[in-house]
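Beneath this line is the structure, given in structure tokens, with notes to follow.
To keep things simple, chains are lettered A, B, C and D as they appear, and every chain counts its residues starting from 1.
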Amino acid sequence: MIITVKKGIPEEEVKKLVHTFEERGFQVNDSQGTDYHILGLIGDTTSLDEKIIQANPLVSEVTRIAAPYKKANRMFHPEDTVVDVAGVKIGGQEKIVVIGGPCSVESREQICEIAKEVKAAGADMLRGGAYKPRTSPYAFQGLETEGIKDMVEARRQTGLPIVSELMDAEHIEEFVEHVDLIQIGARNMQNFSLLKAVGKIQKPILLKRGLSNTIEEWIMSAEYIMAGGNENVILCERGIRTFEKYTRNTLDLSVVPIIKEKTHLPIIIDPSHATGNWKWIESMSLAAIAAGADGLIVEVHNNPEAAWSDGAQSLKPEKFKQVIEKGRMIAQVVGREM
Amino acid sequence: MIITVKKGIPEEEVKKLVHTFEERGFQVNDSQGTDYHILGLIGDTTSLDEKIIQANPLVSEVTRIAAPYKKANRMFHPEDTVVDVAGVKIGGQEKIVVIGGPCSVESREQICEIAKEVKAAGADMLRGGAYKPRTSPYAFQGLETEGIKDMVEARRQTGLPIVSELMDAEHIEEFVEHVDLIQIGARNMQNFSLLKAVGKIQKPILLKRGLSNTIEEWIMSAEYIMAGGNENVILCERGIRTFEKYTRNTLDLSVVPIIKEKTHLPIIIDPSHATGNWKWIESMSLAAIAAGADGLIVEVHNNPEAAWSDGAQSLKPEKFKQVIEKGRMIAQVVGREM
Amino acid sequence: MIITVKKGIPEEEVKKLVHTFEERGFQVNDSQGTDYHILGLIGDTTSLDEKIIQANPLVSEVTRIAAPYKKANRMFHPEDTVVDVAGVKIGGQEKIVVIGGPCSVESREQICEIAKEVKAAGADMLRGGAYKPRTSPYAFQGLETEGIKDMVEARRQTGLPIVSELMDAEHIEEFVEHVDLIQIGARNMQNFSLLKAVGKIQKPILLKRGLSNTIEEWIMSAEYIMAGGNENVILCERGIRTFEKYTRNTLDLSVVPIIKEKTHLPIIIDPSHATGNWKWIESMSLAAIAAGADGLIVEVHNNPEAAWSDGAQSLKPEKFKQVIEKGRMIAQVVGREM
Amino acid sequence: MIITVKKGIPEEEVKKLVHTFEERGFQVNDSQGTDYHILGLIGDTTSLDEKIIQANPLVSEVTRIAAPYKKANRMFHPEDTVVDVAGVKIGGQEKIVVIGGPCSVESREQICEIAKEVKAAGADMLRGGAYKPRTSPYAFQGLETEGIKDMVEARRQTGLPIVSELMDAEHIEEFVEHVDLIQIGARNMQNFSLLKAVGKIQKPILLKRGLSNTIEEWIMSAEYIMAGGNENVILCERGIRTFEKYTRNTLDLSVVPIIKEKTHLPIIIDPSHATGNWKWIESMSLAAIAAGADGLIVEVHNNPEAAWSDGAQSLKPEKFKQVIEKGRMIAQVVGREM
């Protein structure tokens, strides 16, 4: 961390400032120019808050050289992390993973039927929401515990590991017992209490990017989970909020090479929530694979018109199958299997 | 709600669609043009999800006429809501309320001393964070329970009601017992589980606007709390994320007349988190009062340079006092007291 | 266009409103519900301004059914437009086009050398900036007329058609005479005077998306050019402004399927300005091709470290060649050549 | 400017880099830590482009210490600039200026009548658009030259100086001859050719902030005009694009204290384009004055329902008068006249 001290500050004031950092265990490299005075802090600066240092009236500028994350940082962990979700491996040079299923579990019949169809189409895992984050308190909030039980039955019938969203610490035991990959939704990406809670378990976590969060903030949320002791984190880009109105969100595919450069974690793409329109999902799925993603999570519904949530963005099983088939050819070009 | 049906859809298909709405209890007003076919739904549409209707392949456009909120809606509750926080009233034509205090409680001495200073300067309530939402797991996370106890002691010494942020349902009993105004932070504005939890208590809630949320989403979060049974909601604008770099966030003062038009709830302004710089707080505080706000929440620290968080945006007590004095004159012009 | 009239408006007032639309040549379909009164306007509504109608105190809601663009609209022009740039065809099922070259022309030697290298690597056209839009008046503003002459010489030596940015109507004759594809930059996307000026010529136009513009606004800018009489418009996505800091802009690849659905115009992708970092360009280029783009425009520099502008985002010629080679394999999978 | 060199770069490489800066006339202060190597550049760095330096593979970080603007910089010009618009002074401790008038000139009668009404209400200047930047080529584009002539007649009848928007260099002579304050619109804020053109004249310029531009980019656009020789620049905030839908744009009032700290230029506020709704204009106008603005520019129309553009956001003359009257009382509290 480099701290630029304002012009004309008396030498003894600067010495006091240097001393406060030395007391906290940093080595301080003090160098002086004509116009400014620069303090270089050597040591682990992840616990320092730039804003607090910036508040000091002597300080004109604070520049962080090292990234604020350690556990997630590729620099300290050069090999790719491969996360094992009930036998399905994600990350590294493993097979590109495809997760399919409805936005919401609507009934045991519905989820079991879709599970069979996505399996037949080539999916590796089944998704389905039982607890639903909804903007309106009057909207359908999910089947809750019943929905989880229905997912478990669908797994029993197909063998597909199951993915579902956890909304609060209260249900964590239920999820540890029944769910294979626990999703933290976009709106909870900075629910730090929940991040701490899932840091204490060992189940794999699918951490969605927040609607308006930077990649660094997203990695810091992964860092919360990892710092708690759970290193089984998979990142998922699901589109960010922009001014665009044709799409529900704007899919940011540049996260793929960036996440792979900055971290060692697997990164998967959700084209369904990103575009909000089934017609654009094939194009974005193929692009995600070409960009180097480790997986896709796609909404699939056998009767999208009648879906209880997000029907407009769901693929029918046949279309889902086509996407997987084309995806496999793209995967080959970039040296992966799918 | 108005549903525009696509051109060229056979009459019997449209009738089936009309029928599904009639089954759900809506009266459907069907009117046909040359180019389109319009269905007007009459009834309480708050529980309908536009996106689901939009997913129907017959439908080309869905337009919501009524606002999706009821409890918070000025239309159904024309009188201003006045929230009583341990005797301090906020909203309506009540006195404009000033809340002052540090970002974080750092020690019993610190919070008690600042409490006395903000009281002397004219504040009506004391703020202080005990549980802190921090981007980094390595940053100071607050004094937690000790911090709440310190706040309670500061209240004992000054009589000022206390405001503090609740981060999860786990600590709700502690807050109900000790805190007078429970803050839900910007990052938890759409933590729907937490909103439901505070909907079940009767303590007043200070609901901050999310970093990138629309006013309608914010009102819907208030609606969650109110739908649960707790109508003591105060809204707080604290700046939204924009591309601007000089400020920490961009203060959106237009929310003041809009919240007053759309809802009956009190609205207060936090210029400290919005600007992130103490130098701009006076200007924004006076503007907030001129705009018609019901209160201010301002960070005050007796030693900002040494603050453990957000020092750069804290006012010293003397400056805070000046802001209140000028604010009182502005309040008079807009027909309020402060 | 559907106009919802407020509740309780006297019938004669509504009739007057209907009459004003009828006078402007629209057929008005008036249908009444219990709670609202709906006017459906039949006719060409592209010249109507929703905001003006909205201002009418009788009106509660205005919904546009038809897109506000005609010339660019796929609905009225189902076949793909193929633009011919000095013999290189872009759009439809034509070969995916690759445009390479430096951000700025720095000297005749530099541009001629790079031209040869990008040609050898497989590029179809040469890009190079002679007039540069720079945030600072003190930064290098381009070689201007000399730069155009240097581009012309590079074309003479290689046969590659040339692309350069036009910043104002003053230089339009110079560009018509010398440049093969005239670029309108992101910051001028809504410089309506310039759009009108290039609407009067017949040279192909490369219209970049503005930094924070929606796709509809972008199409409307294409419509300006086409309404003036120049239908040779190619759209170029170059990233939009978001909160992300690791990238210069956020590349929105979802524009590819959307532009192809809404319009008949070719769409190409600029991964260099979007990411701002050469390391992420391969990934985004392959993704663009997989998504269905009609071309790529990539910054290539033989000595990026010494470039006068945007060196960080430039590929070296060898790397550019590799990208084209991999791109060709992706193109095959999606049924295109490159 | 501080340049951080990457770890492990051989000393001779660093020396070469230092040498390139010395050749360009900078003094370089080289200081070395254990983990990094820092070069401090002393000299006028406004012409340096951080991005180019960043492209150098030796460099890990570039931090600009000095602001990139000089002419507009308060540091080099501590006194407030007062701009004289045909006798009406704006800035410093001068009277807060009020500019009123319609969005578009619709006819000579209309503009002359409104001119008399805004004058009677207390306005200091008349606004009116003759050349209109419209998103659609099919929308009303303004009365153009006729509109300017109508404005001139309105000035003749009332004595009010006139403000109108210039859209391209082609009409600059017409504006220099007839218009008192030349507006550069938000969409042209980074039309650098137009900025250069108005830098060569001496007429006062009203520079609106771009829809998604930072304050620094806005000041840099003022710097373009001033660097050209025209120091008569007035800045105007008109709201920025955010995700909010209730308002047309989000008014950023924090620009008032920031512009006054960073620059010496006058700053005025346009609450009409910002909110897009006449009901919220009074609140935002009073807030602007309380924040310390040097003026207001407000849309006023004698018949908003029938306005040819932006009627929804126009005040009627009586309401405009009330706003001015309340504004005068706020002005007094902040030590200004209006």
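The rule we apply is simple: a contact is a pair of C-beta atoms (placed from the backbone, for glycine too) under 8 Å apart; a residue touches a chain by one contact, two chains touch by 3 or more.
Computed from a predicted model, the values in this text were never measured in an experiment.
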Relative to subunit B, chain with the most remote C-alpha centre: C
Where subunit B and subunit C are represented by their mean Cα positions, the distance between them in whole Å: 40
Cα-centroid distance, subunit C relative to subunit D, in whole angstrom: 27
Where subunit B and subunit D are represented by their mean Cα positions, the distance between them in whole Å: 31
Interface hub residues of subunit D, defined as touching at least two other chains: 212, 241, 243
Pairwise touch network: line, ring, star, complete, or other: complete
Touching residues (chain side subunit C, partner subunit B) in the complex: 2, 4, 27, 29, 31, 33-36, 38, 40, 42, 60-61, 63, 65, 241, 243
Complex contacts: residues of subunit A adjacent to subunit B: 46-47, 49, 51-52, 54-57, 68, 133-140, 167-170, 187-188, 190-194, 196, 211-212, 217, 220, 223-224, 227-228, 241, 276, 304-305, 307-314
In the complex, subunit A residues that touch subunit C: 212-216, 240, 242-247, 250-254, 256-258, 261-262, 274-275, 279-280, 283-284, 286-292, 326, 329-330, 333-334
